[in-house]
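Each of the two complexes below includes chain A, the first together with chain B, the second together with chain C.
So, the complex of A and B:
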């Protein structure tokens, strides 16, 4: 066999094309979509160590950062921009909470993975509407799993649960 | 074969490869339970350089070109083309020359340098995941890989367990692998004339490997980990016959993984640890030198590079 034969598979590798992250919504666009016509007031919050522990205890989900990027609506609702762990990179998303502490809507801001972007599906995201901190928010329980996108489904579910716990324990008691 | 040429070509390919984003596998030798989603596919290229013995010259380069397809979200099929190149010289403890296992069916002069490249085999691989580590404390999958090559037949079965922690950024995987192979060998005129080894025959062997690995995603796209592998060999197809044991060795080393949106890269280095055993030969003919085995499927160092692209 000719030794150069061994080089053939190497040549087969040089086929990758540049791929950029897909940005679906900026934070400003998400705010306009989730609270149409409202002027949101930024209320940046840094969780104390004690609050981080309380949120993790209440939600059973790790707090990735003590910084909470929150905005308050004139009617008492909240807009929070956050992110969850994806297969390789973070998945930025936004959560809108109404004045009663229930989920108004969830939007995926950016998706950087090859697979699992079914979490952008409107019907899947609609499962979160009306959920509160008291809801189970558990995959395969009150939130359906997406086969082939299990990691993204679980982390998005956990992310919403974490933010609802932050709302209940911190934001609901904040005068912004 | 100029090994330098292949290395340079590999490096040049990597340097010119556009920056993209991508995925699995986290490890070089240990499998995880992840499979492709339904109707998705992937091409993957492996290059494994197996280097060094206790004496002489030993180089073995094996490449694997793979195409994988997600039949369902839990079931993945792959096809491989396996090629190999070797160069050996005085690589046996007694100073003679012997080929690595994948070239064992060649007649090799017992003295001097010998080099050859070959088509090693074609393989099919099926992985079925019956528990996901993202929804269960322990994910589990089974793996089946039949291979067919010139004068070689092999069936490898594997149980894969995986457990994730810290939002799936810390991953542990455990593999148990059983490989049963038949290799057509030429007769050895120096062997006992009443034995199978004296004449051309199908040699049977069973490999049982236990592998443990852990990896942590220390930055977006990048994971660093370590792998530990225990490899055991038996003559024949029954790994429960202790008198048929032939060799045992340990390997360990670091592994670095980059996973982006479509492109991934994994590089693993394994070192053979002291503690190898040669069960088949008397002490004065043992393949173990200073705790390292020089049997035909073992060497001091293994370097494995995997590159892949998801569609």
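So, the complex of A and C:
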């Protein structure tokens, strides 16, 4: 396969911001994609201390906030916007649940950890400080992908587990 | 048309295949059409996840692991296609690439013990897998792990879905196993896990790149030589460029296991490996990039 292999001096790379953020979808865009054509009604919920405890017991995952940003579809499905703690940053995501309580889809809304450990590492990043002069390559601009930066989705799996427990214990019994 | 207009980009991410899969489409004007294409591509990956997962109790693999030795188990077309590629590579490399290492990875705590399945026979190898027209028969009890090849296949399937929807410039990235659509040039940085004053960047047109390294593992790694059952050298990194991601993905493991001796296998697939050793030095193996 034709390609070029380049070794680029780290000093020639520029990172515009210390942490790269990629916004994939707004909450509204995610709603339109996950429940096409449906008008979703917001059903804001605040979990009681008791409910927080039972959700944590049922899911074995910590509840970050008692506020649940939930919307209900006319057919009885739910859209929930939440976030999980990634390796270093919060990762907002959206979960769509169908009227039977099954996962329809999960979309990551924003990612602030687009680069691999090597690039995330502070000491490694410190090499870029002050190096904002004209540069041949910009990370996230000229170089949009990193190969080898396998990002675990474990935290995302936990986040979905937590929301399913909230659905079972609270939302399924809510009259929106 | 002005060339200075920014290209519209649609990018989405979903947690799949145990990693974060990112799909990006550039230069298309109809966002609804692009979103539909990306949803199709994610669905193709989700299908691979459901059928070839070691963890999911309803996957083809879990059903194979539960079935009594010698019975025919019906599997999806995709699972058959991946097993066919895996066995061809196992045959060619005399078992260096062997998808029956599941039991060893379970012992190392890298995979969970399959529920309700038969205990694996220590003498089982890839030669005990028989592929039928519409199913699979195992001649010894074993645990198959497609973790070294199925991700690449999933990326290929997603790229095909995007292409079928008419997307002309795109990238499917499953945590380092990625495939580009369109002549680009696409630039991909390699995170080899080794701090260095230079960073490797691969610049390519339409192709696949996969990267594997044992550096993330502290003690026992996930990469074993199928012939010996012994660990590959952990302090190295292999990036393979190939037309199809299924080949790039699988060949990273062959390059890690065999080093320079992997060259003929790489050439067979028209692939190139860039192998970095513990000192940070890169070597090119297989088809030479022009």
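The rule is short, and it goes like this: the second predicted complex is superposed on the first by the 117 of 176 C-alpha atoms of A that agree within 3 Å, B and C clash if a C-alpha of one lies under 4 Å from a C-alpha of the other, contacts with A are read in each partner's own complex, and residues count from 1 in each chain.
Here is the rule we use: a residue touches a chain if its C-beta (ideal position, glycine included) is under 8 Å from a C-beta of that chain, and two chains touch if they have at least 3 such contacts.
Since the structure is predicted, the reported quantities are computational estimates derived from the model, not experimental observations.
Asker: Quick one: classify A:168 as touching chain B (first), chain C (second), both or neither.
Answerer: neither
Asker: For A:82, select first, second, both or neither according to whether it touches chain B, chain C, the two together, or no partner.
Answerer: In the superposed model, A:82 contacts neither chain B nor chain C.
Asker: Is A:107 touching anything from chain B or chain C once the two structures are fitted on A? First, second, both or neither.
Answerer: The second partner, chain C, only.
Asker: Now for A:24: first (chain B), second (chain C), both, or neither, which partner does it touch?
Answerer: Only chain C; A:24 stays clear of chain B.
Asker: Show me the chain A residues, by the header's touch rule, that chain B contacts in one structure and chain C contacts in the other.
Answerer: In the superposed arrangement, which is not itself an observed complex, chain A uses residues 1-3, 5-7, 9-11, 13, 115-116, 139, 145, 147-151 for both chain B and chain C.
Asker: Under the stated contact criterion, what part of chain B meets chain A in this complex?
Answerer: Contact set of chain B toward chain A: 1-2, 5-6, 9-10, 13, 16-23, 36-38, 40, 43, 45, 47, 61, 63-65, 70, 73-74, 81, 83, 85, 117-119, 132, 134-135, 166-169, 217, 220-221, 259-263, 307, 309-310.
Asker: Spell out the residues on chain A that touch chain C in their complex, using ranges where they run on.
Answerer: For chain A paired with chain C, touching residues are 1-11, 13, 22, 24-25, 33, 93, 105-108, 111, 115-119, 121, 123-124, 137, 139, 142-153, 156-157, 160.
Asker: Which positions of chain C touch chain A when the two form their complex?
Answerer: 11-16, 18-20, 22, 24, 35, 39, 171, 173, 175-178, 186-205, 207-213, 216, 237, 239, 241-243, 270-272, 274, 282, 284, 287, 289-290
Asker: Can you tell me which positions in chain A touch chain B when the two form their complex?
Answerer: These residues of chain A touch chain B: 1-3, 5-7, 9-19, 21, 62, 64, 84-85, 87-90, 112-116, 139-140, 145, 147-151, 154-155, 158.
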